[in-house]
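The same chain A turns up in both complexes below, where it pairs with chain B and then with chain C.
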Partner chain A sequence: MTLAGYGLRRAGVGLLQILAVATLVFAFLEALPGDAAVAAAGDDPDPARIAALRQQFGLDRPVWQRYGDWLGGLVTGDLGASLRSGRPVVSLLGTAAGPTTVLALVTLAVLVPLTVALGVCAAVRAGGWFDRAVSSTTVALHCVPEFALAVLLIAVFALWLGLLPATAVGGGLLEDPALLVLPVVVLLARSAAAPVRTLRGAMIDALASDYVAHARRHGLPRWRVLLGHALPNAAAPAVQQLARTVDWLVGGIIVVEAIFAIPGLSAVLVEAVAARDVPVVQGVTVMVAAVAVLANLTADVIAFRLAPRAGVA
Partner chain B sequence: MSSVTTSRRRLLTGLAGAALLAGCGSGATSAPGATPDATASPRRGGRLRAAFQTAGAKETLDPHAANLFVDGARSKALYDKLADFGADMSVQPRLAERFEPNADATRWRVTLRQADFHDGRPVTAEDVLASYARIMADPANRRAAIQLAAIDLGACRAVDGRTIEFVLKTASAEFPSATAAFGTWIVPRDATDFTRPVGSGPFRFSSFEPGKPLLLTRFDGYWDQPAWLDEVEFIPVNEETARVNALVGGQIDYAHDLATTSARTYAADARVRIVRAPGSAMHAFAMKLDRPPFDKPEVRAAFRLIADRQELVNTVLSGMGEVGNDLFGKGYQYYADLPQRTPDLDRAKALLRQAGAEGLKVQLQTAHAGAGLVDAATIFAEQARKAGVAVEVSMGNKDTFWRDTLTGGSMASYRSGSMPIHSHIATRLLTTSPQNVTRWGSAEFDGLYQKAQASVDEAARTAVYRDMQTQLHERCGLLVWGFADWIVGTSSKVHGVGQAPPNTLDWARFERVWLA
Partner chain C sequence: MIEVRQLCAYAGETALVREVSFTVGPGRVLALIGESGSGKTTIGLALLGEARPGVRLTGTARVAGRIGYVQQNPAAALNPARRVGAVLREFARAAGRPARDAVAQALDSARIPLTWRELRRYPHQFSGGQQQRLVLAEALAGGPSALMLDEPTTGLDPLTRDAVIGEIAALARRGLAIVIATHDLGAARRLADDVVVLRDGQVCESGPAARVLHAPSHAYTRQLLAAEQHPRAGGSLAAAEPVLEVEGLTAGYRQPVIQDISFAVPGGSRLAVVGASGSGKTTLARCLAGLHEPAAGTIRLRGERLAAHLGGRSLAQRRAIQYVFQDARAAFDPRRTVRDQVARTAIRLRGMASDEARAHADATLGRLGVGSDTASRMPAGLSGGELQRAALARALLAEPEVLVCDEVTSALDTVTRNASVALLAGLPGTLVLITHDLGLVSAVADTVAVVADGRLTRYGPVDAVLAETMEDAR
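After this line comes the complex of A and B, so read on.
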């Protein structure tokens, strides 16, 4: 199969996946007790007021009609407007996605080289003390829930030692990189284990392979054998694992944003769910699904390029 | 594909629930919030960074759309009302200099003081009438509309630039308190766009984007004493733990709405100051009078004797509050100080026997719709067991809880923010009240309320309110077990923060705050 054909087919499947997710979330939101009008009325649940709000939000229209309108908008790139504020969902997400994107990209920018360094070094002396230390540390950190780790790190490094900011309050993430340290550490701690272990395993296999033995016999320098021959072959499964880590990161970031008061998608999503603001929840969902699909697609394409013989998951 | 797991979602929605305590009704505190550090002399300058829970991207600076505490705090910095509430919910005139009723309290002449908007125009009678008309035009979205509902807008007129004659549809001796209600802020008559709002408050607009901080600067032409601070910045921090961490870590100077656990943890910490405002939130259980088992007065009386209020205050509120006596508004103007009810299990059992309700089973509805609701329900269920009553705690959905319990079930967790006692009666205890959760109400009780409203004599009104509260104390459906303190935290350099319940004059009154 050609790369282009493969990519197109995967993209088509991805679009269907996004649509399926959006439809499911719409159905779940419908199934939740109460609607945006009840949530807006809050502790002043005068039935007349709820009825007026329902009409104002267009919730008196049948469910299939609301879903159809939303779907029609989606096709033309219009995600609708928030029921509560009337703001277009696209502009709302545009504002909130900034900090979330920064957090995700910085985490990945550290995670990729970290994975390569730890995975390769652990594989070179598999079973040695470094390998065992990396394995036990990454697995142990993976087992700590992100909110627990965050609370611990804040208590020690911010409130006790005063070395780092306790939250991201009062500054831009890019203007003040110190704000990013603890959130990124928490995200890395949880996400490093799987890619590191995948790369280590693949590297061990690669180093034991015939082509590496061949390259060694030709007297190539050790680093060229490692990085030029073994790593590209071993990287394919690790890249795909990394894509799954991106899926996970989206969820992890939601927790981390809440704890560190980062004004990203987390706050928007939590509030929108509580307010039953369906278009906003749908918008976040489509965006998250698109990122996940895109990350996996990219990873698969890279893996396809790196090791066409290995086939594609 | 979203990898938000169930447990994460549960954690976060729980957190969000704590954050969405609406600015209930018209709270107000006025007694010049006694500050512990009144001896130090105020200093001008600086920026106060104040963290509140906000509504994120859906928020607006339109004061008439205000709903949350942060909306109230921002609005009071930018705008003024005709009046505000003291800590005891008595009316404190603000933009209004005086309120003068006619003999039966159906017409009120209000004289405005001389005050200017931030753009230099004076605040006039026309602005007041236009603001009220704007509020009343959209009752579904403007909380204050119900407070102003008695006004016959078409008949009101501006007598001159600073005098308004209000004509009411029904007598209302408490009309001034309607002008102090949450959401009744005065805006310029032609205001339609609130992206760069203009008010007459102590601070003027500087910059804002929904979901991001709001920066305000001092308005030197303020009619009252101008602010000490150069600037105040409202920062959205929705998680309580994040607000505490940011405060202790020195990233903010004022953290609104802290949990009792945080207050306890940092009570002795030199970096922060914990400010508690007593009498801020009523905690109760609502029993519905129109259905079994609470249609029998003996059962209601028995439940009131089962409740160990001190234990509830000690555990649910960590002692940061005081016991209730089945009446709303302890410490407020018009509160009837009747003998305090204490637990009496023997008498409770006897009453249940008398009502033929031995071995009673009751479902108590609760939800994480506010701090302490679920804890209180659980503890009360334990207390009831000792009297042989099986109270089963039933968890509801936090986002729809108030709607669900308004009509459904027979007993539910209940709480209320501060408001004047007559507002509590009007919105919850009359046969016509839209939020009559206990189904209390009778023509006789309605008649007493109307009698009070038609009486411009405060002593006469006080006597009528006392009669009404005596009836409520004996027979009503609210088991008011306590009043929680409202807790804010400040850094140690912040002075002048009043100990006032939310949505009262001295609450979040940042023009009186200064930085050492």
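After this line comes the complex of A and C, so read on.
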């Protein structure tokens, strides 16, 4: 199978996955007691008022009709408008996605070289002190919940030492990079263990292989054998592990954003769920699902290129 | 110039190689001859200045200039994630040679003329024979003055084998000092100037090939030479019901590798499928075993149509057709003992309890010459020949109706190979042998199918087909 054919087939499957996720979330929100009208009525649960609000939000129409409208809008790129504020969901998400994207990209930009450096160095001397230090540190950090680590870091670096800001309130992440340091450190601490350990294991296998011995015998420099001959084979599983980390960065960033008061997707999502603001929740869902599908697709295509044999099956 | 003096190798207290000495001058070929486990590969690695983990070397092994190495099972030396051309150029540059010329020259010497487009391919896109030549080309890319070839003629069809022998001779004529480790006495006879006969790491006999291989003075050498004659199997072509029927089979990857192949295998017969490397033999065998989904055509087992893919076949059908892979090392999980992996067949396919299965596994392994001690090791602790026998035992444990063997004797030395040939010949079931080894064909097979360029060109009784094919080869 060719790379292009493989990519196209996987992209088709990815679209179906996004659709399935969006449909499930729609169904779950529908199944929950109460709706946007009840939430908006708040402390004044007068049935007449709720009915009026329902009509205003268009919630009096049958479920399948609302779902059909939403699907139709999705095809044309229109995700509807927030029931709460009336703002178009697309612009709402566009604003909120900015800080989340910056946070995720900066984390990835540090994570990828960090994974390669730690994974390769640990594998070169597997069982040595560096390997053991990397393994125990990454696993230990992985075991600390991000809220605990975040609170600890804020206490030490923001409150005690006064070196770094504790929250992002009032500043742009890009204008003031110091704001990024603590959130990124927390995200890295949580996400580094899996890709580093995957790469380490794959590197150990690759370094024991005949083709690496063969390359060594040709007198290639050590770094060339490591990075040019062993790493391309070891990278395939690590890249797929990284894709899973991207999923987590987009979906699981909520706690970190909340603690550091970063006005990203998580704030929008939490508010929308509380208000039963179905179009906004749906929009966030589609976006997160799309990123997850795209990240995994990219990883699979890279892995296909790195391990051409595996793609035949 | 290669010079080895008083070379010893120890694993703990056990001596693997004892006081081996020889010299190979420029343009000369020396053959190390012996069974699997006689220390050939250990000596070969010592020439490169290497030893397996836990192995200690004493004595000297000196090479003037660079030495190129082609390992046994050369396919594993090709990096699956790298394009072959890029690796060739890199190896040439590492030796300080101009990449373009060195690569062209190496490909030419290894007789694998590749276009620039083919150089952009990955190793898995080449056939087994081509992969071996690629590794030779890689070894030559560095411009070595000496070559160490471990089992260079193993697993090749007779025509390719002849060509490889010719190439090695040509390389020697160009002034390379060459050491081949081999159990192919025919190749040694045709290539070697000098011979060292090894047994359990000790030199039994050494000297000019003409003397050692024609008038051996040592009893063991005489035994090796005597074992070269194949045991001839009896039995005639049975006019039995067909067990396996293949009709219009077409299969491949992007392009069809085999096209419109039809034949029937009578019960109890021994079919040998022969053909040059890359002719589609293995693809055909994989289709039979349900490992490769054919594009068209049907396969019937006792008249019952088999699902194209293994997943669609019943347990009884899976048990009925067993497959033994060419690369035995790749067919074993490196992290479980060989006995457990062999026993698994009996557990999965015959529903035995694990103790009973292990006992059966031991018995079958023992019949094939793999002792209980050996079987309790991890695959890394077994030689290539031992693993191939274990792989055979694993398939036999299913008590299959049809046993499909892909080049199973290619990694075995003559003595163990003959034991396996005798065993294959004595099996009750139907046998499909994919092989290059015409000796094996005449010893075991009663029917031969010749595959050329993906088509079945001949099918019939062994004597008639072999005679015709030899005629064509001339």
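Quick note on the criterion: the second predicted complex is superposed on the first by the 309 of 313 C-alpha atoms of A that agree within 3 Å, B and C clash if a C-alpha of one lies under 4 Å from a C-alpha of the other, contacts with A are read in each partner's own complex, and residues count from 1 in each chain.
Simple rule for what comes next: a residue touches a chain if its C-beta (ideal position, glycine included) is under 8 Å from a C-beta of that chain, and two chains touch if they have at least 3 such contacts.
This structure is a prediction, so every number in the text was calculated from the model and none was measured.
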When the two structures are superposed on chain A, do chain B and chain C clash or fit side by side? fit
Just chain B (first), just chain C (second), both, or neither: which does A:P62 touch? neither
So in the superposed three-chain picture, is A:V270 touching just chain B, just chain C, both, or none of them (first/second/both/neither)? first
So, A:G77: does it touch chain B (first), chain C (second), both, or neither? neither
For A:P113, using the defined touch cut-off, is the partner it touches chain B, chain C, both, or neither? Pick first, second, both or neither. neither
Once the two structures are placed together by chain A, how many degrees is the angle at chain A between chain B and chain C, based on Cα centres and rounded to a multiple of 10? 160
Quick one: classify A:F260 as touching chain B (first), chain C (second), both or neither. first
Touch check for A:R217: first (chain B), second (chain C), both, or neither? second
Using the touch criterion from the header, give the chain among chain B and chain C with more contacted residues in chain A. B
Quote the smallest CA-to-CA distance from chain B to chain C in the superposed model, rounded to whole Å. 29
Residues of chain A at both interfaces, chain B in one complex, chain C in the other: none
In the complex formed with chain B, which residues of chain A make contact? 17, 21, 32-34, 38-39, 41-50, 52-53, 56, 82, 84-85, 87, 92, 95-96, 147, 151, 154, 158-159, 162, 165-167, 169-170, 247-248, 250-251, 254-255, 258-261, 263, 266-268, 270-271, 273-277, 280, 285, 288-289, 292-293
Residues of chain C touching chain A in their complex? 48, 50, 69, 71, 73, 76-82, 87, 90-91, 94-95, 122, 124-125, 135, 138, 141-142, 253-254
What part of chain A is in contact with chain C in the complex they form? 1-2, 209-211, 213-215, 217-221, 224, 228-229, 232-233, 236, 306-309, 312
Chain B - residues contacting chain A, complex: 1-5, 8-9, 11-13, 15-17, 20, 22, 24, 49, 51, 55-60, 67, 139-141, 143, 146, 209-213, 235-239, 241-243, 245-246, 248-249, 251-252, 369, 397-400, 402-404, 406, 434-435
